[in-house]
């Protein structure tokens, strides 16, 4: 429960309580019945070794803190030393961390540590591609709730490591009013339904919570602005339509574009001046980064 | 802890005890502080609706059982009815399941259920691509331990749904003797080190456990065969070298090819007659499948 | 894990996954080694009884859903029927729920169910006092993070049942910039430190997240407004000072008053026009409500 | 799971395994998604600070050990040094503990540590009031099972810190025979029902377990004594009636008074000579103690 | 978490919350990665079968409730019908329960259910041997804390099923003062050390808690009696010495004999008139009972 | 979660993540409400002591690593020093480990540590008896799945400590085809049913997984061999029948004998040349070893 990093390392911050649970689950998956190969060769427990985590392709690194925690949980005597920080760019061949200690322990930690690094660096690297595609604009890139079950906390951090910003963490973090929610207020004048819903919601939620309204049409954008939405999700609109939406909004709400935006088209969207673009493409099905562990 | 599926549904099998933990973790991620949008519109709890899970691209479906469990944990009164079974092929537009019940509950279950379906169907579909690429040969496709932390059990099932076969589940399921393990027996004649290691291992492990030996060279293949390895991992070899390896092995061990095999090259590998090809490409960084939930 | 309420009852909503853990912890506290009195009198298991949860003083009820879950976890065959809803006012003597089933099960559930009802109805009732004290104004009453460890989710709901509104749930829900945070930006011009900090924060946080700035002086209020804070916490100010603060803010941010506000003074604060008053007095050390269970 | 207190501190005793779970739950409540304010100002992680826990009103301190555990779980590098011990009296303004380390870690631990200290010191202080009200008599003050769900272990310790003594921890710790239990033995002569029940119970329970019988009338007291009860709960009786009860009991059982006893009336009860007075007023709805953390 | 027994069965009582955790742990041990034999033969899931739990030697049955819970957790559609109750005597060949449902589910539950039944019936049966050996006397048989780690709750119940009575459940249930505890009061007159310790303890513990004092000599027995011990553990004494001890005690405390008492010698001990005999022989290393599951 | 063994000790290997859960469960069983005797004598916390774990009968030791973990979880300041290793033979009277630290902590850890040592050393010692009974032959001794619920991982290790070898860990580790499984393929020619089942299974399982077939008759043995079973379980056969079976098998499969084999008869079985004998007698109902803790 309580990581005791070697003194030369930054203590994990407090949210690591949640991260520890994620790491523990991953380790039990691989090691609940032991490592029968390594455990049957007892010399491995006595042999002290050093091994290098090395990326085999250019990437933005994410998962170093988690990999360190993996090593520590497998064997507190392992000394894990990151050479970079999460969020740093690494060229192919770069050593991003080293680990020292009993070879048996290194072998047991290896795969789980790498699985985190490969996936999270994949998220960070893909995010960086989107961030770079809009460079020079004021548009920020963020994720959606389309994340890998069980890994949202880490994937959200990886998005930050890639230069993106967080979106709402979960269904409790921000109101998101969608068509489906509006259906229930059916006997209300369609021109007023967003206004009624926003008013209903505002009365119940915290003053610290924002309301985001999904708009599929400019008419809905107009309604959402007038209803006092804090954020308007411009869903599946073309860059031109988004320009019209922004001229309707007139900075009275934050505009977020989403839906069908690819690496090819994102710059055109960003150039509309939309504040935020959210995309599932930086968390869902992202290519993983090749990372290996080389024993010296 | 104890799912009570509506009577017209198949009971989850016993390993669902482990799957339940995975689903619960995913739901708590999204819902630990409630769904403030839905919870602030109480009419949603009273409105009975039906919604359809629909795939938006051709795929092999995986995750239906899990999606059903998501719905049930959110609200046991939701009735989830799969239209296909995990492992079935679905064309774009196909309804793969429907769910009926309180609209509030459907909205709360939606994203988590979809996140599982999108990722697992991605794994199953990618697996199918590799399986089809070797069709007509006797070679089987399997995964590696490069899986998403926390989801190995589900990803292994998705590989099966895609027509692949399982590899060892974890470090306790099968011996895998690698270079790193051999290093510790350093003062032994290099020509005998595999034989000595296999003998050491065989004396300690269960008679129900196989020994797989990783071979990088034909000399190692020869040694592994003579040492009595049950499986030989032909690592990073060309198809031609694999053919030579197979002629050395002469069916005295199962041959598994791995390392740098892509969808383009896999058929050439399969045509060597190698029994098994393992690849991380069917679990790591696989493209996800677009699945949506349409409220009727 | 999965509550199966009798069909005539509302399903618990999804956040009950978290609430179930709270209830389970409470039940294990009381029953981990069984109820040796009841278990030693086996006739109690066979006797079917009905019992009435009755409040013994005027109150706002909170905890009925939780009490129902307590009964169900002790014995799924118990039928718990609420007579009111959480948030309803009850006069002394009012039956707020009934439970039917094996007397042994009722006795085992009794104390835990009452402990929740007594505490949570206390929170709701105290909140109502504060809400009524400001009635006729537009000021809303909310809680702080001074809650009972382990019960924040339920206490936040009880505040709503009492007519209050939620504040940020936890340290991840909203930025709150305090003096302590500003200290670290020490070499910055004191007149600009809030502006710099807000800008730093805004660049890192989600567009769905608000920034609240604590201000102890009017100068800080001015700085916070100009820095673009979404919410300004007017800390430990008199009503007159708050009026001045509000005239500085000019609706460019939400104003929240906090610190040293009692039931006696709250109306004077509300009459300043401040949008929100937060107080720990509705969660911390609130008097509990006397609720009993009468066996018929 | 395993706290590693700095060497100059007392190790937590073994029941801390249960307390660790309570603290972990509380920390996850506040920090599961991180502290977005502190985490966005990285200088806070590097700044080393000292802060003082100071009580702002006279009190009996309880919760220091728990507060230390909170600090340690947030960051094992924090050094928490108590200035007093749980159970000590502190005057308003007294520093009761100091904590040193990364300012980010201190800020993350602050609220949770204070929430424990405020509530538990409230319980200890209220207990002390009751204990002092009976000073000079032989009567001891104890709690009931009306405790805050999830916190019974800590509240029971706080009662001890306040000078009280424990009551049965839970339904498995001691037999408590109440009216409701007696109902089931309905066809038995009312004059013998307690005797029959005690005999039934005695045959089944451990010889290490006591039997307490609740008596509402002197007739029941008489029966309970004759039945061999170890403890008789004199429920809702006046001091005069309790005197009569005591003269019936003649030290053949321990007498415990309970029900409707307030700080005003408790001395009159104690002066009857009753051994124990139990009251929910020292755990349920007790005023909390104002404790703050001052950064130096 | 919440068992839903078929309607014709007794609901599990509340302590089943703890028992559910034990059963879940046992099932995950066997089934965390599924049952690869059964899962690979899908016809087994469709085939409805009935199977009979049958004892293959004379025994006292214990574990039926647990076996039912095992079946239910594996598949809630399994119908488990006990033919006897825990605590009943069964002759070799007797069917003690039947289970109906999918053959796959029966096969998955089989081994875990039997492992509980075999061990717990072993405890109950061994207890019965000791109970019968003292039949006709007033001496009761109880267990010690020498139990199987993780199974104390179930083993304690099995002792009851065998006709024994419970001892203290754990270190929090009763004071047990041993030599080791007395050492710390070293500068006290040896003739008074027990008196001092009992007085110290009595001041701190609940009035619902008894004090047991271990005595190795008659002098210690005398001291313990005079100190007011509730129970005196006569440790490793011969029957004759116990007689002397009892004559010293004169019913002022409960006498418990323990230490080196076997089935052969126990009657001689019981005939001394000692109230309780405790032995580890009924929980530690007891022979298991042969129970099988016959598919019809 | 993370053991920090004193530097002079071997780090626990990674599977200790699972073992830690077992130990934590055991400690909470005994200490969830504290040790009221020890906690009420505060001098015990200050007194530094050393104590010796001593076996009181000849045995093979198992559980030392676990006992060390028990001590560490109770109090990380306890220093536990094993004098032997798990698997070593100890003569009666031998000190197998010492522990140093606060006497209170030693007393709290004592019983739980001993309970593990007594049971696990019992398993190791009984295993050794069977192993010695077959000494000089090539037959290996292994366990079955008839293990104590919750302790399989530790009991499997104890079997190794006693000189045995592991069997499949659980239902996911190896296929075991039994009569019950064959029933479902009912319309198949009885002479071919094993062949069909093996073929069906082989197509679905991992190439790393073996298939074991239970055979009750020589005809079944013949079928299993021809079907390509990896292992054949010769169930309840006499040594003579096993000889015949072995001559049928001709080393084409591993032969395992099981069923009704006792310490008296096992040598006759081993002399048949069967590779493996499995027996529940080394895990189920094994006599425990007497181990004590002597305070110096």
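The chains carry the letters A, B, C, D, E and F, assigned in the order they are written, with residues numbered from 1 in each.
Operating definition for what follows: contacts are C-beta pairs under 8 Å (C-beta built on N, C-alpha and C of every residue); 3 or more make two chains touch, one makes a residue touch a chain.
Small disclaimer: the values here were computed from a predicted structure and weren't measured.
S.K.: Comparing each of A-B, E-F or A-F with D-F, which pair has over half of its contact pairs in common by residue number?
M.R.: A-F
S.K.: Going by average Cα coordinates, which chain is farthest removed from chain E?
M.R.: Of all chains, A has its centre farthest from that of chain E.
S.K.: Using the touch rule from the top, work out which pair, C-D or B-C, shares more C-beta pairs.
M.R.: C-D
S.K.: Specify, for the interface formed by the sequence copies chain D and chain E, whether it is same or different in terms of residue numbers shared by both sides, with half as the dividing line.
M.R.: Since more than half of the residue numbers are used by both chains, the interface counts as same.
S.K.: From chain B, which chain is the farthest off, judged by mean CA positions?
M.R.: D
S.K.: So chain E and chain F are the same sequence; what rotation in degrees superposes their CA atoms, nearest 5?
M.R.: In degrees, rounded to 5: 180.
S.K.: I'd like to verify one number: the distance from the centre of chain A to the centre of chain C, where each centre is the average of its C-alpha atoms, in whole angstrom.
M.R.: Here chain A and chain C have centroids separated by 30 Å.
S.K.: Indicate the whole-number Å distance between the mean C-alpha point of chain B and the mean C-alpha point of chain D.
M.R.: Comparing mean C-alpha positions, chain D is 51 Å from chain B.
S.K.: Using mean C-alpha positions as chain centres, tell me how far chain B is from chain E in Å, no decimals.
M.R.: Once rounded, the distance between the two centres reads 43 Å.
S.K.: Give me the residue numbers in chain C that touch at least two other chains, ranges are fine.
M.R.: 1-4, 15, 31-35, 108, 153, 169, 172-174, 204-205, 209
S.K.: Touching pairs of chains, all of them, please.
M.R.: Per the contact definition above, the touching pairs are A-B, A-C, A-D, A-F, B-C, B-E, B-F, C-D, C-E, D-E, D-F, E-F.
S.K.: Show me the residue ranges of chain B that touch chain A in the complex, using the header's touch definition.
M.R.: 22-23, 25-26, 29-38, 40-41, 43-44, 47, 103, 107-108, 111-112, 114-116, 118-119, 122, 145-153, 170-177, 180-181, 183-185, 197, 200-201, 204-205, 209, 284-288, 295
S.K.: Show which residues of chain F lie in contact with chain B when the two form their complex.
M.R.: Checking each residue of chain F against chain B gives 15, 140, 142, 160, 165-169, 172-174, 203-210, 212, 231, 254, 256, 275-276.
S.K.: Under the stated contact criterion, what part of chain D meets chain A in this complex?
M.R.: So the residues of chain D touching chain A come out as 1-4, 20, 24, 27-28, 31-35, 39, 45, 72-77, 102, 104-105, 108-109.
S.K.: Where on chain D does chain F make contact in their complex?
M.R.: Going by the criterion above, the answer is residues 1-5, 10-15, 17-18, 153, 169, 173.
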